[in-house]
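So that you can tell them apart, the chains are marked A, B, C and D in the order they are listed, and the count of residues begins at 1 in each.
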Amino acid sequence: MKKRFFAVVLGAVMAVSALGVVASAEEVTANGDYTFEIIVKSYQSSYWQAAVKGIDSEKEKLGVTANSNGPNAESDIADQVNMLNDAIAKKPDGIGLAACDQEAVLDSLQAAKDAGIPVVLFDSGVPDAPEGSVYSLIATDNYGAGATAAENLYEALKDKIAAAEAPVRIGEVNQEATSESITGRGLGFIDKFAELATADGKSVAVVGNEYYVNNCADAGDEASADIIIEVAVPAQTTVELCATEASNIMNKEDLIGIFGSNQVAAEGILTANGNLGILGSDPETSVLAAGFDAGATIKAAVTDGTMFGAVTQSPLAMGITTVDVLTKIANGEEVEDVPTEGYWYNAETIDDESIAPNLYD
Amino acid sequence: MGEVILTMKGIDKSFPGVHALDHVDLEVRRGEVHALMGENGAGKSTLMKVLTGIYTKDEGTITFEGKEVEFHNTREAQDAGIVIVHQELNMLGHLTVAQNIFFGREFKKGIGIDDRKMNEEAAKLFERLNIDIDPTTTMSDLTVGKQQMCEIAKAISHEAKVIIFDEPSAALTEAEIEELFKIIRDLRAQNLGIIYISHRMDEIKVITDRVTVMRDGAYVGTLITEDCTKNDIINMMVGRVIYEDPKTHSMVPEGAPVVLKVENLNAGKMVQNVSFELHKGEILGFSGLMGAGRTETARAIFGADPKQSGDIYMNGEKVTINTPQDAVNHGIGYLSEDRKRFGIVVQKSVAENTTLATLKEYLSGIFINKRKEEKVAQEFVDSLATKTPGVDQLVVNLSGGNQQKVVIAKWLCRNSDVLIFDEPTRGIDVGAKNEIYKLMNKLAAEGKAIIMISSEMTEILRMSDRIVVMCEGKITGELDIAEATQENIMNLATREIS
Amino acid sequence: MEALKNNPFVKKVGLNRILLVCVLIVMYVLFALFSPTFLSYSRILSILNYACFLGFLSLGVTFVIATGGIDFSIGPVMFCCALISGYCLMSYGVPMVPVMLISILVGLCFGIFNGYLVAYWSIPPFIVSMASMNISKGLASVFTKTQSVSWPQSTSEQGWYRYLVKVGNIPVGLFIFLGIAIICAIILNKTKIGRYILCLGSNMEAVRLSGVNVKKWQMTAYIICGTLVGIAAIFFVSAYTTVQPGYGDQYNNEAIAGCVMGGTSMAGGLASVSGTVIGVFIIALLQEGILALGMNKNYQLIITGIIVIAAVYFDVLGRRRKN
Amino acid sequence: MANQNTAVAAKKKSSLDKLGGQKFIVILVIIALFLFFSVMSANFRKYTTIVSILDYSYYIVLMSIGVTFPLITGGVDLSIGTGLICYSLVGGYLISFHNFPVWGGMLVTVLFGVAIGLVNGTLVAVMDIPPFLVTLCTCMITRGLGAIIVGGFGITWPTATQPGGWFRNIFKISIDARTKIPIGIVWVLILVAVMSFVLNHTKIGRYTIGIGSNKEAARLSGVNVKFYHIMAYVISGLFAGLAAIAYSAVFATVQPGTGAGFELEAIGGAIIGGVSASGGAGSVTGSLLGVFVICLLKTGLPFIGLQANWQQIITGLVLIGAVLIDVIKKRREVH
């Protein structure tokens, strides 16, 4: 049966089922001519375009209608609220939503509930959503995904850290300090890294951007720490400012690893490395960089070893699952929350069947 | 003097409401400097604009070098060899002298402009003209006089056969005028035809060969300069002796109090040590030629431009006037010569313009009481006989005379004691002029003190109770209306070359 | 056409404005035809959400453009107002009413800053805008430590402020906006402030020579604009609750577009509050309509751009014909 | 005689003007900033940091060279920022998805810029619409257009190791992983020299200044004012296209919807460098220097540990300061 799928979808679903993302392997069929409205966070980024791809392929498979839209940037909160209201006004059989902001959509969720339109949230949750408005959460665990990066990076750097005589530095570049997904990844990385290091008897301090310093589990003491995690956030979310912040950290002699928490930040690190040339895959001779998301540049960097590895989430699978869950709700079936997580990939695993389909250009 | 190079015959030109040129003739020969004279508004500039293709003529013929010609723009005239040195400078301040001279016809070198050659050519021109200007200087760094020289150089660089000088000396200093004359004589020696427009009688005697006089858009006559006297020319210019009820004596009652007194006012080079008194109920005429400093004096008194020194007394009390606000608060109103730029807000209605200076009086609470505003505006429309479909009409749609009335209404509304009329009838047709005159007389009779700046002799003689004549930023004389004649005013207004 | 022009009603209301209303209606009908759900009431509410805060911005910039100036710092300044006041609310526990005053005050301060630089220091408005755009973004980021601020939800204790936009299904915001628009129209057309602002935009020198303190009134226009931007900030958060530092630029374009579309001339002197209101509704309608047709925001940008150019070109043509 | 007072020779130039005026101050500011950051941060002094600063400044420098022309005519071009992204997206899209050779994509990028410049110029010069509004609208239009054409995806031009990656060496030659030669600065300087020549020694430049200085006088001199007015915007568009290539060469992925704000850095740089906001005056070299002030602030402030957001506030104040010099100078001249 899987052979009927497009090649892309095939891989994606394999990956998804292999990792138990879809609760069961049961086949979804649409019992009617359903119409869904699906709103992503930003219509203009590769990550979300990949999600839209998943939505489009699945809707064709199921023979339902799913209209996807999204604001131009994840910061256009007002635009997304308008889109959501617009979707409610169209009275679809269900709405899929990746909310840009947890607070701004609450009224609209209430309106959807009042109108009897089921909402499925994907990518990001809305903790204060009105009771009964959200039927299912296909959540990406950003905090966990950040932790995944930390685990892998720590594993590779473990020996170097253990052997270090002077304090060493780990960098982290976050595009901003406002959105739930970025801050989740950033804090997940910091907390996990600190946890692992502390378990090995090392002390950790977090310095840099106030938000991350104040919100991590333990900011520690810079003067006495063995490991310093330095967090940088640029003034604007443009790539050259990310790159500037990255070069500032990467210029420090005691740096052994660095993490960029989304595509822009990871590419900023790579852009900065274009001049510095300090990144590589061998912890003894170079600085290890961990990225996030995919895109041609990051994929190329991982393949050639410039970037040690990266975490990707599976927007494609997420898109597919969203349509599946919406269809099920429309069928009148019971649905549950579906957790998704981030996958670590590096030069060896980048072509694996379970990974490759999740890496978009 | 050589053969005839340019003949204009029977040139006629009308604008809506104005017959600007009435069958005017002009003949210029090679190697002559031909003066074109006449009062302000006699039609000299219009004639030259017809010649250089800025205006198209309604009737008449222009013959240039034996062929009948008609130019459609300045470029065509230039190409034929007729160029004009403008009164107002058409310069590009950010470019250098040489770049200005050759603007629009640069020398090329490959893909670029050959600035070196342009500088050389400009230097050659200046050499030919005996002018000491560095062609690489930025234009805005030059004095007005030097800029004028550049304009002349530019004109000559066009291989000109006829050059028109439109009031070239107005902004020049003594020494510069000498230089200019030398240049003009050189050009004459090179067999060019030169038309020279000027108000300065003495210059005419010094530099020109023949004089053509115009009056009220019509041709009066042509004289050989050598054979005539200054008074001959003045008589031709002012020839018209008949004008409606001229004042023969001052209408100001004996012992009328002094309302405004100005002492030793200095503001730039155009206002030097100006002192005068203005009485209640008096119309004080300010006469003089263009650029004599009358407008500048008025603006300095009004606080529109900064002044260096001088005291102003209102009703015997010394007052400080630094901004127009101060002036208005002390009861002075100023009606600018350039209504469109400084007088009215064209996109607004008659009523809005009328109350512009007195808006406070039309406020009910925070709102403008439109009914009251319109009522007052309507009163003024009635009393001034302003022709407008209604007080909500936009001023832009009114004729010049009616626009002027709106400005007058603005100041009457303010109940100003002193009104400065700067060229009150410029651009206004004859019928409306008379109304404005009547109005001014009425205002004076009501006890307003009026300063009237006018370049029209008839206007000065008709309206003033007393006349102050200015020349080159200074007051050169003061005449009671009883003793004033066109001739003695003109004598005071023109300056002997020392 | 001539007959239409001379019709007393047309004359009173103005042909342009009637055309604008027609455009608005035609657009609405078209959207309704192509998208069956477009006529629903909830959609109208959604349009109004957007029109409200944008309307305040547009009203504000109308005053500035009336003087012949420009202010394209309004979007970021609006976010700056909402961020600083929201931060006071959420982090320092300042009560709601003072918080709203803080928002307006911040807008006012930017208005004073812009107006002072333009009027008294003669710095071109374009450059002042650029500077205060940077400064407002930076200031907001520094103040909130680069954090986005989420104002309280309707259900929380302080949530009553959200009733400013709508109570249940009643679009209170529309009434407040129209109320303030009427006040603005009164200020612009019936008070000394408006009279002087319009006149100085048309001919600053003539107004100065009438003994009016033009600098003061020029600055006043910017102050009014700043105040309205502060109000816009309140309406933005009451519709959308969350603001992020470093953004807001896109609202400049839409606010200026709405104002210019409504017949306010970039050259100054001509401004119409009712035109601005209609222009803002056109933009909000367009934004909603594009969504209803299933197109994304990009099409809205393109269509808005073309409409504005067309509107201004008709204005230019009209003036040419007059001359 | 009284008139002798007026016979003052040419206006005296201030000693500042003799040294090159505002440009001189800007050079001093650049040196001062550079020294300040170097002293404050050891990492700033590194060669690699300088290469980075240059990398991140190319596209702004190129935009500011172009926008200098409309600014000198007394206009402005706000469409260059979003335009840059739009052109780069379209060019990269053709390379990645339609098998265009890299040079072909670059050509399309530049030509697209020229086309938008032509539209701007025509609307401004022929249809008499205020430049601010025209370019505000084309700013919105290019923003939408770019995203629509490529279908919303971020576009990556070929990376250095991929076929076609040679174009990334246009701006930076890699000797090895750690040694780079910022060759881009050479091209930028050449372009600055060329455009300085165009501005000062060709008809296009001469008439651009003429239009900004006194449009009516330029028209009366028989110059085809409309054509040259359009050309100013075409140049601006052309350089936005070149800036798009610089941007694509330096940065990895071009994201649709970005680019707003780039134009303000370029215009701000030009104005700091002495372009008069009212037109007529300005120089390409001045714009170059002005942009470096902005870029130094942008890249330098993070190095001294200042919160990144202060950079925006400081940039705003610097801008006002730069114009204030001009305003005060003019006031002095009047009195």
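Here is the rule we use: contacts are C-beta pairs under 8 Å (C-beta built on N, C-alpha and C of every residue); 3 or more make two chains touch, one makes a residue touch a chain.
A quick note: this is a predicted structure, and the numbers were derived from the prediction, not measured.
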item	value
Any chain in contact with subunit A as well as subunit D	C
More contacts between chains, A-C or B-C	A-C
Relative to subunit B, chain with the most remote C-alpha centre	A
Intercentroid distance (Cα basis), subunit C paired with subunit B, Å	46
Cα-centroid distance, subunit A relative to subunit C, in whole angstrom	36
Rounded Å distance between subunit A and subunit B, as computed from the means of their C-alpha atoms	76
Whole-Å gap between the CA centroids of subunit C and subunit D	30
Residues of subunit C touching at least two other chains	137-138, 141, 146, 245, 250, 296-298
Residues of subunit B whose C-beta touches two or more other chains	none
Overlap residues in subunit D, where contacts from two or more other chains coincide	143, 147, 152, 261, 308-309, 311-312
Topology of the chain contact graph, where touching chains are joined (line, ring, star, complete, other)	other
Chains that touch, pairwise	A-C, A-D, B-C, B-D, C-D
Subunit A residues touching subunit D - in the complex, by the definition given at the top	42-46, 49, 52, 72-73, 232-236, 238-241, 243-245, 247-248, 251-252, 263-264, 267, 270-272, 274-278, 295-298, 300, 304, 361
Sites on subunit D touched by subunit A in the complex	43, 46, 48-49, 51-52, 55-56, 96, 143, 147, 151-154, 156, 159, 161-162, 172, 176-180, 250-253, 255-258, 261, 298-299, 302-303, 308-309, 311-312
For the subunit D and subunit B complex, residues of the former touching the latter	1-11, 13, 197, 200-203, 206, 209-210, 212-214, 216-218, 220-223, 280-281, 335
Complex contacts: residues of subunit B adjacent to subunit D	73-75, 78, 90-95, 99, 103-106, 111-113, 115, 137, 141-143, 145-146, 173-176, 269, 272, 306, 472-474, 498
Subunit A residues within the subunit C interface of the complex	43, 67, 69-72, 75-79, 81-83, 85-86, 88-91, 101-104, 106-107, 111, 115, 128, 176-179, 209-211, 233, 235-237
